[in-house]
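Quick notes on the structure that follows.
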Amino acid sequence: MNREQIGRLLQHHGAMMVLGVLVVVGTLGFDSFATADNAASVVVSSSFLAVVAIGMTFVIISGGIDLSVGSLFVLGGVLAAFGSQYGFAVALLLPLAVCGLAGLVQGLIIARTGLAPFIVTLAGLLGVRGLMLAISHEGATTYLVKNPAFAALGQGEIFGLTYPVYLTIILALAAMVLLQRTGFGQNVYAIGGNEQAAALMGVPVARTKVYVYLMSGLLAGLAGALNAARLSSGVTILGIGMELDVIAAVVIGGTLLTGGAGGVTGTVAGVLLLGVIQSLINQVGNLTSSLQQVVSGAFLALVVVAQRLLSKAQRIG
Amino acid sequence: MKRTEAVLEARGITKRFPGVIALDDVHLALGAGEVHALVGENGAGKSTLIKVFTGVYHPDDGDLIYDGAPTVFGTPLDAQRAGISTIYQEVNLVPMMSVARNLLLGREPRNRLGVIDTTRLYGHARAILREYGLDTDVRRPLRSLGIGAQQMVALARAVSVDAKVVIMDEPTSSLEPREVETLFGVIRRLREAGIAVIYVSHRLDELYQVCDTVTVLRDGKVAHTGPLAGLERLKLISLMLGRDLAEVKKGGLTRFNRDHARVDGAPVVEARGLTRRHVLSGVTVSVRPGEVVGLGGLLGAGRTETAKAIVGALPLDGGQVLVAGLPLPSGRTVAAIRAGVSMLPEDRKAEGIIPGLSVRDNIALAALPALARGGVVSDVRIDRVVEVFMKRLRIKAASPYQAVSELSGGNQQKVLLARWLAVRPKVLLLDEPTRGIDVGAKAEVQALVDELAEEGLGVLLISSDLEELVEGADRILVLRDGTVVGELSGDDVTEEKIMAAIAERADG
Amino acid sequence: MGKWIRDYGVYAAVLTLLVFNVLFTPHFLDVANFRTQFVQVAPIVIVSLGMALVIGTQGIDLSVGSVMALAAALTALYLGYGAAVAIGVALIGGAVAGVAGGALVAYVGIQPIVATLALLVGVRGLANVLVPQLVEFRNPDLIALGSNALFGVPLVVIIAAVLTLLVAFLVRRTTFGRQVVAIGGNRAASELSGLPVKRVLVLVYVISGLLAALAGVLATARLQASDPTSLGMFIELSAITAVVVGGTPLSGGRVRVASTVMGALLMQLLSATLIKHNLPQSWTQMVQAVIILAAVYVTRERGKR
Amino acid sequence: EAPQTAAAPTGTAGRQVVKTPDSTAGPTCTLSQFGGERFDLTSATVGFSQSEKEANPFRIAETKSIKDEAAKLGIADLKVTNAQSQFSKQITDVQQLIAQGARLLVIAPLNSDGWEPVLQQAAAKKVPIITVDRKINAKACTDYLTFIGSDFYEQGRRAADKMIEALGGKGKVAILLGAPGNNVTTERTNGFKDRVKEKAPGLTISFEQTGEFAREKGQQVTEQLIQSNPDINGIYAENDEMALGAVTALKGAGKQPGTIKIVSIDGTRSAVQAIVDGWLHSVIESNPRFGPLAFETARKFLDGEGIADKVIISDREYDQANAKDSLGEAY
C-alpha cells in the first residue's frame, strides 16, 4: 500500500522531483544559476509556454492533440500588435476572438466529423500560419505595439516578475479547479478515459471536445498576445515547432497521451523543467548547437522512460 | 393490457444495418413497476432494441412512446435526463477514473462555490456502494477492481439516479451468486417503487426469479410477448429458437452428453505451484488428454489468472508449467501456443476479437505461421480452414469477409473458438466460454467441448455457471484467493459440494 | 457509394488536380513535368510506406526526417570507402534508430509519439554532430544514383516503385503483414493469440527507419550534397498526411499501400500546382490546409475516431 | 572521396572592411553618453548570442570569428548561446547571459523587432550591446551600442545591378526567396525589386517562391520553375545555398552553364567556385567575420572613443573577373 502510494506520487510528481534535482545540481554547479535574475528569466520565459501548455493539457487529457498551437501563438501576437493601434481592448480581444474561433472550428470539425485531431490540427497548423503570413504581408511587416497600456501588460513587474507570470499562476490555479472540481473537468477525463462509455454515461462528448479545443485556441492566442506585449511587437517568425515543446512539457508532466489521466501541476512542472534544462545548457556556455539537441533528445527520452518504469512499478505494487 | 399504463412503449420499431434488419416492426410495452424480460438468441436484436430506447440508435421506422407522448431521444444523455437509466452489456465506465467519480459522474455534489465537494463525493459514493454490499476504497481507479465489482458499480450508478425505467443488458454475466442476490434485491425494491425494469439475460433461471413479463425476439421480430409465470421453460426456449416444442423436448436440454469416464494417462499439461504476488499462491493444476477439468470459485478467486499463467500471459514470481513433461519458458505466449496450449479469453471485446478484421482473418490469426510458407500466407489453406470451422461451429455471418465486429456476441465467441481450434491445440483453456451467449449457441459450444474431449483434447473449463461446471467437468478444482481449496471428482462433482468447498474456507 | 468514395476518394482527388493542371497550367503535359513530380515525390513515398506500416500498428513515427538527416550524414562520412559502403552504413544507421524507437515503444511501453519525438530531436542533433555543415561530394556512383535513368525512368522513381510493390506484398501476402494489422486492431488480443507482438513492433519501426534512411540517401544523391541540417525537415508531417489522406486511419488496424502512394502524389501535385501558379506562401498554406481537410473528410473511416 | 569541408581562411584574408562611417560620420556614442563604466575586457564575462545553428558557412564563420578573436585578445570568459532559430529562445538566452553577469553582449539577432525585454534589462545594468549582421530596431546609444554589418537592402540592389548587367536590362527573372518573415528576406527582396524598377523596367519578375534559404528547397523550386516557365532568363537567389540548389536542378535538367544567369548573395566558397565553373554569374558578399571589428569597437568604446550608431561594412562582389583569384578569401 505504501509502495503503491510512493509509486503514484513519483509518477504524478516525477517532473517536480526531477526539477528539484536539477535545481540543486545547477545551484551547486554554477554560481550564476541560483540568482534572482536567472530564476526570473526562466520563470518569465516559461510563462508563455505554460499558458499554451495548460490548454494542451485539457486537449490531451480528453484524448486529443492540438498541433495548431504554435501557429495560433504567432497569429495571436501579430493580431495583438496589429490591434494595439486601435487601443488596449482591441489588442487583447482581437487575438482572443480570432484564435478562439480557430480553436472552435477545429473543435467542431473534430467533434462532428470524427476526424482524427492529429490531422485536423495539422491542417490548422498550416492554415493558421498561412493566415498570419497573409496578415503580415508574407511576414514582411512586423506590427509594433503602439499602445503603452498593452505593452505594460507584458512588461510591467511586481517583485521582479512580469505580469504574465502572475497571470499564468492564476490561470493554472483556475485550470486545476476546472479540471478537478467541475463537471466539465470530469467530462474531459471521462471522454479521454473511454469515449464510448462517457457517451453512454450521458457525457456531452461533442460539446466537451469543442470546448477543449476552443480553450486551447484561446490560451494559445492569449499567450501570443501577452508575448507580443512583452516584445512590443508582433514578431512573425515565432512558434515554429512550438507544439512539440508544448506536447513534450505536458507529457513530461505525467499526462498520458492516450488521455484520461494527468493534470495541470505536472504540466507546469514540465514546462519549468524544459526551461531549467535550457538554462543549464546556457550555464555551461560552450556546448555546440548540435550537441544541445542531442542532450535535449536524450533527456526527454530519459524522463519518459523513468516515468514509464515508475508507473509499471506502481501497477505491480 | 391497458396501453395508457405503459411508461415506455415501442410501436413498430424497425432498425436496419447494412445487410441486416436488426429490428423488424417491434412492439413492446413496459408498465410501471413491471420487470420485463427481453430474451432471444444471439443476434436477435435485444441490444439493438435497448440502444433504440436509450437514444444510441435512431429507428428507421416506428415510434417510441415515453410517458404517453411520442419521443425522440437524440442522445443517451437525453434519455438519461428523461429518466431512462441503462447498464450496458459490456461494462461501460471509465477505467482510469476513481470509483466515486464514475459512480457520480454528471451529478457530483457541489459546495457553496459551485465546485465539486470531494468530501461529500466520497461519502456519498461509499454510502451508495455499501447498499450493494461493496466495501471498497472509492478513491481508487475503477480499473483496480475486478470485473464483477465494476459491474456492480455500473449497476449502482444506473439505479441510484432517479430513473423511471432501468434497463439491464445481461447484468449478471459477470456477477457471483452473492452479488446476483443483491441485484435481485435491488430489482424487487425498484418494482415496489414503481420503477419499470427491462431485464436481458440468457440465464433462464434468473428470469423466472425476478421477471413478470417476457418478450421474445427472434431475428429482429417479436416472437412472443406475455406474462412469464405459467410459461413453460421448454416452451420459452422453443420460442427463442423458433423450433417445435416437441423437437426441443426430444433433443432435451442436456448440453453435455458425454459419460464422465475416468481418464488415464500422463497429464498433457501440468502447472506446479503457480505464484504471483497478490494474485496466485501455489496453484497446481494438471489436465490429462481427454479430460475436462473445471475451475470453480468466486470472482477474483484467480481462475482467469491461473489460465493466463498457464499460457504465459501473466508473468510469474514462482512455479512452472510443463507440457508433456517439458517445462515452458515463463511469460511467453508464443511458446505455450507452439507447445499446444491455447486460451480462449474471458473478455471478448478487449482480449479476443480484432474488430477491424474480417471473420476469416480473425479465425486464421493464431494459425497463420502454420498456414504460411516462408512467411507468405497461402489463401487456399486459409480458406480451407476457415470454411471447415465456419461450418463445424455454425458461425452465422454474411460471408467470411464480413467484419467480425458486426457479428452478434455468440457468433463472435464461436469465431474465437475457431481461432483456437485452428491451431490444433492439445489443451484448451476456456475462460467463461458461454458467457453472454444464447441457449442455442451455448448448447452448441458445450457439445463441442464434449466432442473435443472425446477426440483427446484436454480442456480446462472456467465458468461461473455452476450447472455448466458440474455437467461439463470430469474433475473440479475450487479456487479461493489464488489458492486451490478443494478438489472434487467422480460423484463429488455437484453444485452443493462446490458451494461447500468455497464456503468452508470462507468461514474458516 | 459512400464506401467507394472512402476507398477511392484520394484517386478522385488526384484526378481532379490533374484535370485542373492540364487545363490551367502551361507545359503540364510535358514528359519532363511528370518526371519532375515523380522524382520529387519519391523520397516522400518511400518514407510514407514505412509510416503506413507504423500507423497500421496504431503507432506514429515522428523521427523519419531526422533519420533521413542521419543517413545523409553517414553517407558523407563514409563516402571515402565507396558509395556502396556509405549507403550500407547509412541504412544501418536508419535501422539502429528504428531499433531504438521500436524498443522504446515495444519493450519499455512508451507511447510512439513521445518515443519518436525524443528521437526526432536527438537524431537530428547527432546527424549534425557527425556532419556539422553541408558537404558537397563528387562521387560518380552516388550522383548517378540520384540522376540516372533506366529506359527514361529515373532510378529514384524505380526504387520507390519497387519498394511500393514490396511493401504491398508484405502487407497483403505475408504473416508479418497480417500481424501488423492485427496488432494495430487489438494489441491485447494479438498477444493472447500468440503473435510475437514486441518483435513485430520493433521490426515495423526498423522498416520505417530503413526506408527513411534510404529516402535520405536518395535525396542526398539527388542534391549532390549531404545536408543534415535541413534535409527531411517536417517530412514526417507530409508522410503522415499522405497516409491519412490515403484513408489509413490513425487509430491503426489497417494499412493501405496504394492509397498511401496516391496520398503522397496528391500532396506533391498540390504543392507543385501552387508553386507553378506562383501563389504566395500564405495562400499556399491555407489552400493546403483546406485540401487536407477535404481529402481526409471524404476518406474518413465512418464511426471510428 | 573525402568530404570537402570549407575551412575558414586563416590570417587576414577576407577580413571585414568598414565602409561607413567614414571619417566625417555623423552622431557618435561615447562611454559617458551611454552611461556605463569602464572595465577590462579580458577579465570580464562576455556573452555572444548566435541566432541559428552553426550549420551553414555563414553562421560557422561568424561564430568562429567571434570565438577566435576573443581567444586572441585573451578574453577568458566568453559565453556562447545558440537560439536554434527560435526567437523566444534567443530572448531568454540573452537574458540569461545578462543574469550570468555578462558585461558586454555581442548579438547576432534572429529578428530585428521584439527586443524590448532584453533592451530594458541591459539598459538597467548598463550592458553595452553590439549587434552583428542584423539590426535591432531600437535607439542606438540608449538601447544598444551599435550595429556592425552589411546593408541587406543594398545587397539586394547590387544583386539587381548584376542581374541587369547579365541580362542586358531585359528578360524574365525568378526570385528564390529566403525564409518568410525573415528581415533579411524582406530587405534583399525589396532592394532587388526597387532597383529593377528604377533601372531596368524591361526586366520582369515573373516568379517568386520561397526556398527557405536551403539548398534542397532551392533545387525543388527551381525544378518546378524551369519546367513551367521555360522562358526564364535569370534567377536571383537570396542566398548561396538556394543558388547552388538551383544549379543542381539546372544540371539535372541538362542545361548548360550560363544559359540561365544566376545571381546570389553571401560569398561562400562553393558559390565562388560555381562562378569559376560558369554556373553562377555573380555573388554579392555578405561577410560574416565580425570578431575583429566587434571587439575593436568594444575596445574603442571602453577607451572612451566615440562609436558611430552603425558600422556598415563594405561587401565585395565576386564575378567571372575575380572569382578565381578570390577563392581563398571566400568563406
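By written order: A, B, C and D. Residues from 1 in each chain.
In this text, contacts are C-beta pairs under 8 Å (C-beta built on N, C-alpha and C of every residue); 3 or more make two chains touch, one makes a residue touch a chain.
Listed by chain with UniProt protein names: A, C = ABC transporter permease; B = Sugar ABC transporter ATP-binding protein.
The structure displayed is predicted, hence computed values, not measured ones.
Novice: Compute the shortest path length in steps from chain C to chain D over the network of touching chains.
Specialist: Step count on the best path from chain C to chain D: 1.
Novice: Report back the single chain whose CA centre is most distant from the CA centre of chain D.
Specialist: It is B.
Novice: Which pair, A-C or A-D, has more C-beta contacts?
Specialist: A-C
Novice: Please work out the Cα centroid separation of chain B and chain D, and write it as a whole number of Å.
Specialist: Computed value for the inter-centroid distance: 72 Å.
Novice: Counting in whole Å, what is the centre-to-centre distance of chain A and chain C, each centre being its mean C-alpha position?
Specialist: Spacing between the chain centres: roughly 29 Å.
Novice: Roughly how far is chain A from chain D, going centre to centre by Cα mean, in whole Å?
Specialist: The separation of the two C-alpha centroids amounts to 34 Å.
Novice: Would you mind pulling out the distance in Å between where the CA atoms of chain A average out and where those of chain B do?
Specialist: One centre to the other, that is 44 Å.
Novice: Give me the residues of chain C that touch two or more other chains.
Specialist: 128, 132, 281
Novice: Of all the residues in chain D, which ones touch at least 2 other chains?
Specialist: Answer for chain D, listing residues that touch two or more other chains: 53-55, 180.
Novice: Can you list the chain B residues in contact with two or more other chains?
Specialist: Residues of chain B never touch two or more of the other chains.
Novice: Could you tell me which shape the graph of touching chains takes: line, ring, star, complete or other?
Specialist: Shape = other; not a path, cycle, star or full graph.
Novice: Please give all chain pairs that are in touch with each other.
Specialist: Result of the pairwise touch check is A-B, A-C, A-D, B-C, C-D.
Novice: In the complex of these two chains, what residues of chain D are touching chain A?
Specialist: Against chain A, the touching part of chain D is residues 50, 53-55, 78-82, 84-89, 91-93, 95-101, 110-117, 120, 179-182, 185-186, 189.
Novice: For the complex, give me every residue of chain B touching chain C.
Specialist: 311, 313, 333-334, 336-338, 342-343, 345, 350-357, 361, 364-366, 368-369, 372, 375-377, 419, 423
Novice: Write out the stretch or stretches of chain A touching chain C in their complex.
Specialist: Against chain C, chain A makes touches at 65, 109, 113-116, 118-120, 122-127, 129-134, 138-139, 195, 244, 247-248, 251, 256-258, 288-298, 300-301, 304-305, 308-309, 312.
Novice: Contact residues on chain A for chain B in the complex?
Specialist: Chain A residues touching chain B: 177, 180-183, 186-187, 189-190, 193-194, 196-204, 260-261, 316.
Novice: In their shared complex, at which residues does chain A touch chain D?
Specialist: The touching residues are 32, 35, 37-38, 40-42, 44-45, 48, 133, 136, 138-140, 142, 144, 151, 155, 227, 230-233, 235-238, 240-241, 275, 278-279, 282-283, 285-286, 288-290, 292-293.
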